[in-house]
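As structure tokens, here come the structures.
The two complexes that follow have subunit A in common; it is paired with subunit B in the first and with subunit C in the second.
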Partner chain A sequence: MKLKTALLGAAATLAFAPAAFAERGADGNVNVLYSQAVSIMNAYLSSGTKDVEVGSLVLEPLAGFDQDGNVIPRLVTEIPSVENGGISEDLTTITWKLTPGLLWSDGTPVTAADAVFSYEYCTHPEGGCAQAARYEGIEKVEALDDLTVKITWTGPKPNPFTAFVGATSPILQAAQFANCLGTAAPTCTEQNFRPIGTGPFMVTDFKVNDVVELAANPNYRDPAKPAFATMTVKGGGDAAGAARAVMETGEFDYAWNTQINPELQAQMEAGGQGKFVSAFGTLVERIEMNMTDPSPDLPEGERSTAMHPHPMLSDIRVRKALSMAIDRSLLVEVGYGNAGRPTCNLVPAPAQFASPNTDCIAQDMEGAKALLDEAGWVAGADGMRAKDGVPMKLLYQTSVNPVRQDFQALIKGWWNELGVEVELKSVDGGVFFGGDPGSPDTFQKFYADVEMYANNFDGTDPEPYLAQYLCDKAPSPANGWQGENINRYCDPAYDALVAELASTREPEKRSEIAIRLNEMLTKDSYVIVPLVDRGRLSAHSNTLGGVVLNTWDSELWNASDWFRIK
Partner chain B sequence: MLTFTIRRLLLAIPTLLFISLVIFLLVDFAPGSPMSQIPLTVPPEVRLRIIEAMGANEPIFVRYLLWLKQFFWVEPLVMIDGIFGTTWSEGMQRIVSWQSRSPVMDIIAERMPQTLTVVGSAYVIGVLIAVPIGIYSAYRQYSWFDQIGTFIAMIGFSVPTFFTGVVLILVFSVNLGWFPSIYNTSLRVTDWDSFLQQVRQMAMPVAVLALYNASQISRYMRSSMLDNLAQDYVRTARAKGMSERVVVLKHVLRNSLIPVVTVIALGIPTIFGGAIITEQVFKVNGLGALLINAIQGSDLPMVQTLTFIFAVLIVLFNLIADVLYGMLDPRIRYD
Partner chain C sequence: MTDISAIEKPRSQWSDVWSQFKTHKGAVAALTVFVLLILFVTVGPFIWTADPTYINPDAAQMIRTRNKPPSWDFPLGTDQLGRDMLARMMKGGQVSIAVGLVAMTISILLGTLVGVTAGYFRRLDGPLMRLTDLFLALPLLPLLLVMVMLFRDPLSRTLGPEGGTFLLIVFAIGVTSWMQAARIVRGEVLALKEREFVLAARSIGTPSRRMILRHILPNVVSPIMVSATLGIASAIITESALSFLGLGFPPDFPTWGRLLFDGVDYIQQYPERVIWPGVAISLTVLSVNYIGDGLRDALDPRIRGR
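Moving on, here comes the complex of A and B:
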């Protein structure tokens, strides 16, 4: 009798213990599935999202972003600001204070020298650091003492939260990477696969492009976290297979980027094993208008350059009409479901930078037709428009991707209804985004009238993103077709406003200018026709708690807070 | 026979060098660039530096000669060092993958076991199923057994593995929950339980591949048996009063196996090539998945090295098949 009571008591304690007092490693193993397998844990040597995100479980920056895009401390006591003296009045320096007593997973202390080393590692001219943009505009980084890091910028820096903030600029352990600077960086296989970090987990086994086994970091700063003793990050397969492993077979607890069509989403969700989560960032699927003439009749070197304006698309009425004919809500319904929403903005978020413009949401076929009539493109006997004997014909290209091909077909239908002849072209993603100056099919070369793809910006500050549309950033033979202003948009007023943004410090004023710039590209000129604000879509099982999807930082940003729901 | 083998081996050297050049040029001229793997958020200057650090912007012949040196000189030295603990290869640059920045050969060595266990056992099982089916189908030609065997072989041959694989997952993982749909490469077989787990996770990919292999080989076996059953020596053997068992399993089978053994030997390199699609479906992540991943990521050194190793294996097993043929069939002499 006594034994039975004792056993019952023990069983009860076991059952209630995890709920009553959280303890590191109490919840066993958690299985995560990345449909793109992880190649390397060091974010400085790979810009692939999958590598950066899984690496962020081990390597951490000084500060990160939360789900609303606010900067949150990770290895520091507080976020520097002008008010607390962390940022100098003239905005040229920022001083970070490390939390005292922080340890690396090998038990050695974290010091300011590690941060200085990380800066040197990424800015080494021969290292080929993938995140070098995070450290742009820095004059020097110095360790004032063991716990104080001071960054001096070359000029006033209105947004200093680039270096050491977010999963793309983590702190490396100087002792471990000391011999990995410059050309030696890629040869440090052991370091790149098993970095010593400060994050909630540490690598126990790493199989390239296959699986990463992690265990709770015994020296993690919060003694009660992480709740899981081990984590397995498996890679491979496709988005549908990944979703199935969580939603239908229940073998995995979390699947990354389960971008599948809305119909399949609903079907899998009905299984009741898990749920899809989505969150919106800055990724926008858009149609870009070519402002220059891509005609193959032009000599090579003059095609798609500023020398020849586009015969149809240089007229704003034509661009606007093409935009008005599109039903964005239907596109979302067909392609993305809950993971997308119609947008008219190039910068859809963060909220303070997003324009309230919604003019484009409602489809207006009649208005579009009237605009084209007004522009002199009149419909002939067969319903197709022409002007001065030149038929209205567009070449519409994008990368190979099932959703994009659906979008192409739908948009072609609407444009045909307008009386515009459309020829579709889809290029393999490896070529389209490959940037090879010798290939005629890259999105930069833009040997088409309109093209569609998605882009976003890193972090929460749209300034560098908007600065891509300066006149001198247009790809051309002179710069090896490497510019970012692929529309060849050129407006001196825009250039002047970008310069003004760069020298403006007040947050309200910056928001105002950024919104203005966004509108100049979209509703004022229709050079860029945004279609869908694409969210992230991931899946987690019903027994995994604490998941908060974050689009501003690593998706696994709060893996230390994950727990098992019992 | 020995001179034949040596002559063939020597002839293989220029062949392989030529193959390596063709592969290199093909892979290099194929559209796609490692740049496409870099997100658009990375500015052009940074992209250029990444590409420079990879060495991807060197002229093509420099890269080819470097690869030759690395493959035929540095990598063997590394292997010798690994075995004997010497340090000959110290400081030499190995073939490094662009995706993971780690030595290609290490990754291949890491992937080999999964591929050999899954694809290899599927091949063995396929052969073990195919041979008896082929024999009996031929012996009882046009019987119901033969008809069903032909039907199943046609299905195995014509239904693609990405379809059968997903059907098996839906039935056995999603609905019945018997087998895992994802292969766990970290599983170590240490006791009975982990062995059972290994068997369970291998069941579906092996079934898919074995069906495919068996349907192919059983057809060869069947037609080879049919050819022989009609021969005069079979009638002679029966006239001598030998039992059917001896006639079929001794006289006919032995003679029929000669072409089948060559077919089986020629198929062995495909085991090393992995099963690109099946590995992807079940996430076995063996050599096939490695290759497809490298192609998608335009990881030139990886694609080049893997395809060249496959070329070497194919040349080698062709030779082995020829030699085997000569040994099994005394009528064939190469000298």
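Moving on, here comes the complex of A and C:
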């Protein structure tokens, strides 16, 4: 075992020789463009991806995720597990061992007290911590000695890699943030703009919503990294402009989130200045079927609630037919190109939780028509279907977005061919996702028959995500239209299985249950009709090496490995 | 023997106006363009019968007909879903021109009514002008959004999604854009009121109603015409802004404004996609402006005949 590891290490050293032996700061400056400008470096005070990611260049967690979703050590010697004793047998504690000799960028040592402080900082009762979910279910965090952090959970925690893992729960320097607890947190401008960190870079100049200037951290744990002496992170513009700045004008080396139409992607790539990189996470564009009646004739407060089942969509044959009529490959081709792939799953990744189901990929118009005939919806003289004199008519809503409007037009075409009348509606994204209980147009209220949007889950464990579809999580007037069970799906068997998942510890059993839950929502019931597994798409210049896109952690997770190709 | 034919036929006022209008070359050209545009959107669909929302259900066919440049099959090319641009331009034009004209009519009627009343009756001047100030101070877009939010559902239930939206948009634009016209008209009326012919008319006991209709209104036609022409342009643009925010017509319902917004994403690869609706909107606005210009000259007795 030892020998094998040593050999692997030697091989890796040889493979990465040009980069690994490069001197720190030998490659000059690297320019990064974020189309949304950075407003703060402290991930605890912002839920914006751009702030978390740029902040991750400076502030690091104990461990992170690699591009496959595996947990990798950052400030610790190894990842705790039940086998190495880091996680207790009953799954109620986890113990992290810090790497000895770690220094902050100001030269002071990193200790376990800093981790305890970070926990206190985010869970302070008077502070509004944006990442509080990472610390849910913790009873206490203690420093056993200078290098040992022990987290005790309130109950067994099958997935303990939430606190101090990933860019959204970094370690702050206790000495720097000591006076920034609770309500004082947002007022600590100097600390939030120029945090002292352990990451490969440190802030030299910060202009809010404009530009961040960084320089290599002289005390970074790997003496050969980072290869760049300075980094400039510029903010502003839009996705197309960002892509152009890397792919056409060459002003920038890296651009974040360059989601543009497939043809423009191909055209820009043909220029030969740079490359688009994509990676797939858990973001799925889907159609949600309303299981309750959204008819405007119902009194306010009863519309789209469990009191009235949907007259058409509560029949599974109708839902299945609507799904079968869709050609997902064409949707990908039109809307996303390389940054998307057709999917039938609500949970498309990580691999151990993804169902192998691909039944929905092939379009089957004839089968769908037969299924509707069987369900009693018969085509009339004009080709439109009706049952007992009620015409088959759907209201299909989504947010304003060019790709979504194209999808609406295409899907309306297929459903019309099926004999279903479709009325389209698009709502401004700010309103649709705004969650205002007073607005009739939010996706939670779902005053439509079907709606389309995309959603994903944080981290690598789908349990909380799948638990959104419990009966009691349906939005209704009683809970102020808050709740994640958008379809008002309700199956006691599903609820029981979710409870079983929460109490299951063995990884194999967990993935088995998660796959089952995913299938209950998709191919068994067609309540959720997944369309496209959407990847993250970024662009980098051909002269920038070492870029590995990661959807499980910060996109800049390995910025310390970036180098200039000469 | 007297030569009857030597006596000229009596000239009516409108034939005078027309002969004056004809001398304005720009206005005649603009009128021709405008009539052609109207014919394009009204008669056009009967000649070019392609369905503006037709997407080829065969995926392979659809992919092949996407983003086509102009050809005999698709005179203006196709869009990103293979829909025929010519048919979409015609359908879109019907809506845009109708919205422009109707909204303009509403706003001009309101503006003139308020302006003339405020200018002519001194007691109403204060309250009406404060009302105008109030409307001017209101932020229009949020107001429109609230109106759309409140009334869209009930209207589309009674009149269908398209009819209801049309009525709502036209009305919303109309009642939020009459203020400029009202102010200009009031100013003109105030000046006219002091003129000798008004004094003369009043001295023989002309009632207010006739005074306004016969003496005041014909003399304020020119500023009304000018603001009307500008109104059409802004109505078309406001409609496209509303459609863009998702509060106008349903997303698959083409209007020139929506075609323009859809095309922006493809401006680099297929510039014609924004050029067609852009040119159509510009031509409409420009031609209406020129027609207004010619009409103003023709309707002004001081210029006419010179």
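Throughout what follows, the second predicted complex is superposed on the first by the 545 of 566 C-alpha atoms of A that agree within 3 Å, B and C clash if a C-alpha of one lies under 4 Å from a C-alpha of the other, contacts with A are read in each partner's own complex, and residues count from 1 in each chain.
We take it that a contact is a pair of C-beta atoms (placed from the backbone, for glycine too) under 8 Å apart; a residue touches a chain by one contact, two chains touch by 3 or more.
In this text the structure is predicted, and so the values were computed from the model without any measurement.
Under the clash rule set out above, the superposition-derived model of subunit A with subunit B and subunit C shows the two partners fitting side by side. Of the two partner chains, neither subunit B nor subunit C is touched by A:Ala362.
Legend: residue contacts after superposition of the two complexes on their common chain; A:Ser439 is shown touching both subunit B and subunit C. For subunit A, the partner that touches more of its residues is B, with subunit B and subunit C as the two candidates.
When both complexes are overlaid on chain A, the residue A:Glu417 reaches subunit C alone and has no touch with subunit B. Contacts of A:Asp428 after superposition: both subunit B and subunit C are touched.
Looking at the shared chain after the overlay, A:Asn261 reaches subunit C, while subunit B stays out of its contact range. After overlaying the two complexes on the shared chain, residue contacts for A:Val334 are found with subunit C alone; subunit B is out of touch.
When the shared chain is aligned, subunit B comes close enough to touch A:Gly235, but subunit C does not. Once the two complexes are laid over each other on the shared chain, residue contacts for A:Pro296 go to subunit C alone; subunit B is not touched. By the document's definition of touching, of the two partners only subunit B reaches A:Ala130; subunit C does not. Of all C-alpha pairs linking subunit B and subunit C after the chain A fit, the shortest spans 6 Å. On subunit A, the surface patch touched by subunit B in one complex and by subunit C in the other comprises residues 428, 439, 441. Interface residues of subunit A, counted against subunit C in their complex, comprise 240, 261, 263-264, 267, 296, 327, 329-330, 333-334, 363, 365, 399-400, 402, 405-406, 408-410, 412-414, 417, 423-428, 439-441. If you check the complex, the residues on subunit B that touch subunit A are 31-33, 35-54, 93, 96-97, 99-103, 106-107, 110-111, 169, 173-174, 177, 180-182, 184-186, 280-281, 283, 285, 289-290, 293, 296, 298. On the subunit A side of its complex with subunit B, the touching residues are 33, 37, 39-40, 45-49, 125-133, 183, 185-187, 189, 192-193, 205, 207-211, 213, 232, 234-238, 241, 244-245, 248-249, 251-252, 428-436, 439, 441, 455-458, 464, 482-484. Residues of subunit C touching subunit A in their complex: 53, 55, 57, 59, 62-63, 66-67, 80-81, 83, 149, 153, 157, 161, 244-247, 250-252, 262, 265-266, 268-269.
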